[in-house]
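Right, I'll just put the structure down here and ask away after.
Note that the chains are named A, B, C and D in the order they appear, and that numbering of residues resets to 1 at the start of each chain.
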Amino acid sequence: MTEKYYETAIIIRQEELLPGINSMWIKTDKIAEVAKAGQFLNLYCKDKSRILPRPISICEIDKSDMAIRLVYRVIGEGTDEFSKLHTGDTIKVTGPLGNGFPIKQKHAIIIGGGIGIPPMLELAKTFPGEKDIVLGYSNELFLDGEFEKYGNVHIATVSGIYGTKGNVLDSIKENAISGDIIYACGPMPMLKAIKEYAESEEINIQCWLSLEERMACGIGACLGCMTKSKNKDAHTQVNNKRICTEGPVFLSKEVVM
Amino acid sequence: MNTSVNIAGVTLNNPVMTASGTFGSGMEYSQFVDLSRLGAVVTKGVAIVPWEGNPVPRIAETASGMLNAIGLQNPGLDTFIERDIPFLQKYDTKIIVNVCGHTTKEYVTAVERLNEQPVDLLEINISCPNVKKGGITFGKDPKAVEKITSTLKEVSKIPLIMKLSPNCADISEMAKAAESGGADAISLINTLTGMKIDINKRTFALANKTGGLSGPAIKPVALRMVYEAAHSVNIPVIGMGGISSAEDAIEFILAGATAVSIGTANFMNPNVTIEVIEGIEKYLKENNINDISDIRGIVE
Amino acid sequence: MNTSVNIAGVTLNNPVMTASGTFGSGMEYSQFVDLSRLGAVVTKGVAIVPWEGNPVPRIAETASGMLNAIGLQNPGLDTFIERDIPFLQKYDTKIIVNVCGHTTKEYVTAVERLNEQPVDLLEINISCPNVKKGGITFGKDPKAVEKITSTLKEVSKIPLIMKLSPNCADISEMAKAAESGGADAISLINTLTGMKIDINKRTFALANKTGGLSGPAIKPVALRMVYEAAHSVNIPVIGMGGISSAEDAIEFILAGATAVSIGTANFMNPNVTIEVIEGIEKYLKENNINDISDIRGIVE
Amino acid sequence: MTEKYYETAIIIRQEELLPGINSMWIKTDKIAEVAKAGQFLNLYCKDKSRILPRPISICEIDKSDMAIRLVYRVIGEGTDEFSKLHTGDTIKVTGPLGNGFPIKQKHAIIIGGGIGIPPMLELAKTFPGEKDIVLGYSNELFLDGEFEKYGNVHIATVSGIYGTKGNVLDSIKENAISGDIIYACGPMPMLKAIKEYAESEEINIQCWLSLEERMACGIGACLGCMTKSKNKDAHTQVNNKRICTEGPVFLSKEVVM
């Protein structure tokens, strides 16, 4: 287990990337020092009627400034509360949580879909091997420019206004992208399709998926956030894995989705 | 100043314990909390064999509360005895094992196996609303409560806490039934059965349809039931339900609780148990109370 | 788009009504709300003679909820009939009179007197936790519920809604008991019995010690009970408990409620009833639903 | 019934008069126009766990600016929330609520104790007759200077560091204050003592008391906020009066305290 900390972080700055998609840098005390790509934080609401923390993935880490970037969609009351925080305001957070992406020296295909794109940025930044980056959007783009310095970026949009018309797999096929390892985060249907693709006979490459589920504790104590697993899990002794602890990143072949 | 309390001959350094199912077996929270400072750690419910629990989603948030339908997923007694008890033994705290089962026989077998273990108290969960068989079915009528209590008392070498359900018409009847069955203590409340619907997906928020409501929202109901229970029996009452601050804990003690358990609030603040312990000490000091038992049940 | 609903032959323009005791007889809120837009106004419980109610404090706030122990203070039927009914008749809304009593005879007398009045429905409160005699004593076991229902059905010329208590072990039993007693509809939930303690004054927050918990905190319990009740009987179910938005109201309708009542939320926002009505219309429009009855009970 | 409005008011400014005692001017849409001394507003919290409005008395009314001043003690979570509002922030309010002080052309003794002092300021300002103003504090003074332009101000402090050592009645006796009518707001023991004083044989003058009780609706619908009354009340038909509606200001002889 990496160390985890419960801290009061300070908002460095916050901006809107697109209507309803916010980017927020926060200054942490110790979390940034130990955090890595693919992990997440628990963000606590100030409003006392919202008692559960909100899990948000780490989008970027700036160890020199002890800062962490979070990019999130304003979708409900909790994220709406966060979106109103200004420079200098504070927020309680716990982290870093979860396992993060395992880094392998290979040619990676890094895939992000929708609000699953932000966690791929720190991975793209820190992944040491060659990398193709495939980003899927429904329509408007965000963060795409920031990926460009780290690899070849391929865009897919459902509407077709940018890049490949279709989803990330359509882009992979259209651009004949290949590699030795896949890392992906995004909506469940996308992850299922990628799992199938990566495990198919003709492709058959290692594939790491970042999963989501409703959480309460975020640290492995409540057993709220399960994914079905292929084999019996060592911790739970049943075919269930804790997404917050054994994940959120899983080898595709280990999980049943 | 004395904050220690006695439950069935077991002395806790202070009255603050964790609520079963919200604190694992302490391992995860030990990163935030020094377990040796807790009065006791109450473990997640454990059964004789591993249970899979319910499908996801298992968690939903509600106004000042949450619903859970974990379905008592647990690794089974083998793993628990091998991994979790030795872990907890490293700390200077009391170990209370929460036990669940589908049938009387399963409870009996679990208690018999735990008899040989270095645990201080057993908490018998006869009040889980999230499993179809077992759990609440034992906890919904007084006769069944008395029966399962006396059956387990016969086999148990460890003092028994019976954990009661709030989903009943009269909690004092339940408390009395546990007492006459021979319970050494009772704990309450377990969760209130609740539901949430996603109006856009037009489906239940929880895969199990219903779940157990916990957190600050239920505190007034919990406090009332603890008060009623404490006035109906002579065995110690462990109060819980929505406690998230020292003030909340003190309310339960004033209402008659010997000890308190903190559940959902751990999710709201991983340090909450320690803050509650310190807050109780501060209250006692500020009010010149030398012994916590001097304020137990004084609001009548 | 049709939002009208039918309860025992009475057509309400929309399913939104007020919850008894939170809206007076409509007069006070008429300064904020056009009562003609409401499906129905449900009045504060009224008895054959004036009741004094409980001592103060009668109100306490809790996390996302509140406790009340009004104790059914009311001006009695004479004043009610002379002042409140004529006031409500000025509006294009349905009048539902909530009735309370200490004894079966008092309920019978009240119903008989209301028989001659221009009221649309009667709601019989057999579930008030805040009075020592009457109220909940009639509502806590299924046989008593069936008995009082059939007794009142015999004398009433006006359709009867029986209002059920959540302080029971099995709400479907209660619902079925009301149905077999001849109820034309049921409404639920009344408040959950709760308590709050002031740790500095070391006394109860309410003079009555306990009070009824209402507001958003109880919504998950209310929704679950409405779902269970709607699946147990064939008469209309009026759902309430913590509704403070159109989304909340729609949850209850999806769970099987024919209509909904809004109580505590009036204190949180005096316009809430209108906002809920408009929000339901918006939801129906956005989801291309022509008739509100098309979504009633579809989440199963 | 005066008109009542549910509005979104805007904070004009807020300052601390003493540690824990705040003064806040808010701009209303219509409330200020119809409000008068002795009435109160219901203030709604933004935090959704606090569902009941907080009743706060009107301290001053500025009809030309449609503004209302509220002076309140930060005593719990709701008033703590209000104390953090800044110029330009909004707050939902209902008002004006309650009856207000009945104005009589007489020599008035205007008495305020502790956090019961603020509502007396607008009364002192608008009362047309002669007036003696008696203000009771435990220790530190606030608002006292602002009363000076409206009448003779007499101070009592429990500690004795300012004015008469003791309570407001001690001050009245020490300064031999007399008048034809009393208006008072303050803690219950003070109000009880004033009632007794005013109704005593030797004094026997009309006395109006502003009462407090836990409230839910604030407009007369819930029957939460009763005071016992000497006679049967017309609305309730029992010896109970609604403080929020028939009060908060009552003739001392009409209420049983």
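FYI, a contact is a pair of C-beta atoms (placed from the backbone, for glycine too) under 8 Å apart; a residue touches a chain by one contact, two chains touch by 3 or more.
According to UniProt, the chain labels map to these proteins: A, D = Dihydroorotate dehydrogenase B (NAD(+)), electron transfer subunit; B, C = Dihydroorotate dehydrogenase.
Given the structure is predicted, the values throughout are model-derived calculations rather than measurements.
Chemist: When the contacting C-beta pairs are counted for A-C and for C-D, which pair yields the higher total?
Modeler: Output for the comparison: C-D.
Chemist: Between chain B and chain D, what is the separation of their C-alpha centroids in Å?
Modeler: Going by mean C-alpha positions, chain B sits 46 Å from chain D.
Chemist: Measure off the straight-line distance from the CA centroid of chain B to the CA centroid of chain C, and report it in whole Å.
Modeler: Between these chains, centre-to-centre, one finds 34 Å.
Chemist: Using mean CA coordinates as chain centres, what's the chain C-chain D distance in Å?
Modeler: 35
Chemist: Provide the list of chain C residues touching at least two other chains, using ranges where the numbers run on.
Modeler: 63-65, 215-216
Chemist: Name the residues of chain A that each touch 2 or more other chains.
Modeler: Correct list: 48-50.
Chemist: Taking the touch definition from the header, please name the shape of the chain graph: line, ring, star, complete or other.
Modeler: Drawn as a graph, the chains make a fully connected set, so complete.
Chemist: Enumerate the contact residues on chain D facing chain A in the complex.
Modeler: Per the stated touch rule, the residues are 46-50.
Chemist: Write out the stretch or stretches of chain D touching chain C in their complex.
Modeler: Per the stated touch rule, the residues are 1, 3-4, 6, 44, 48-53, 92, 94, 213-227, 235-240, 245.
Chemist: Mind pulling up the chain C residues that touch chain A in the complex?
Modeler: Within the complex, chain C touches chain A at residues 63-64, 216.
Chemist: Chain D touches which residues of chain C in the complex?
Modeler: 21-24, 28-29, 31-32, 44, 50-53, 56-61, 63-66, 68, 70, 73, 75-76, 79, 215-216, 264, 266-271
Chemist: Could you list, by residue number, the parts of chain A that touch chain C in their complex?
Modeler: Spelled out, the residues of chain A in touch with chain C are 48-49.
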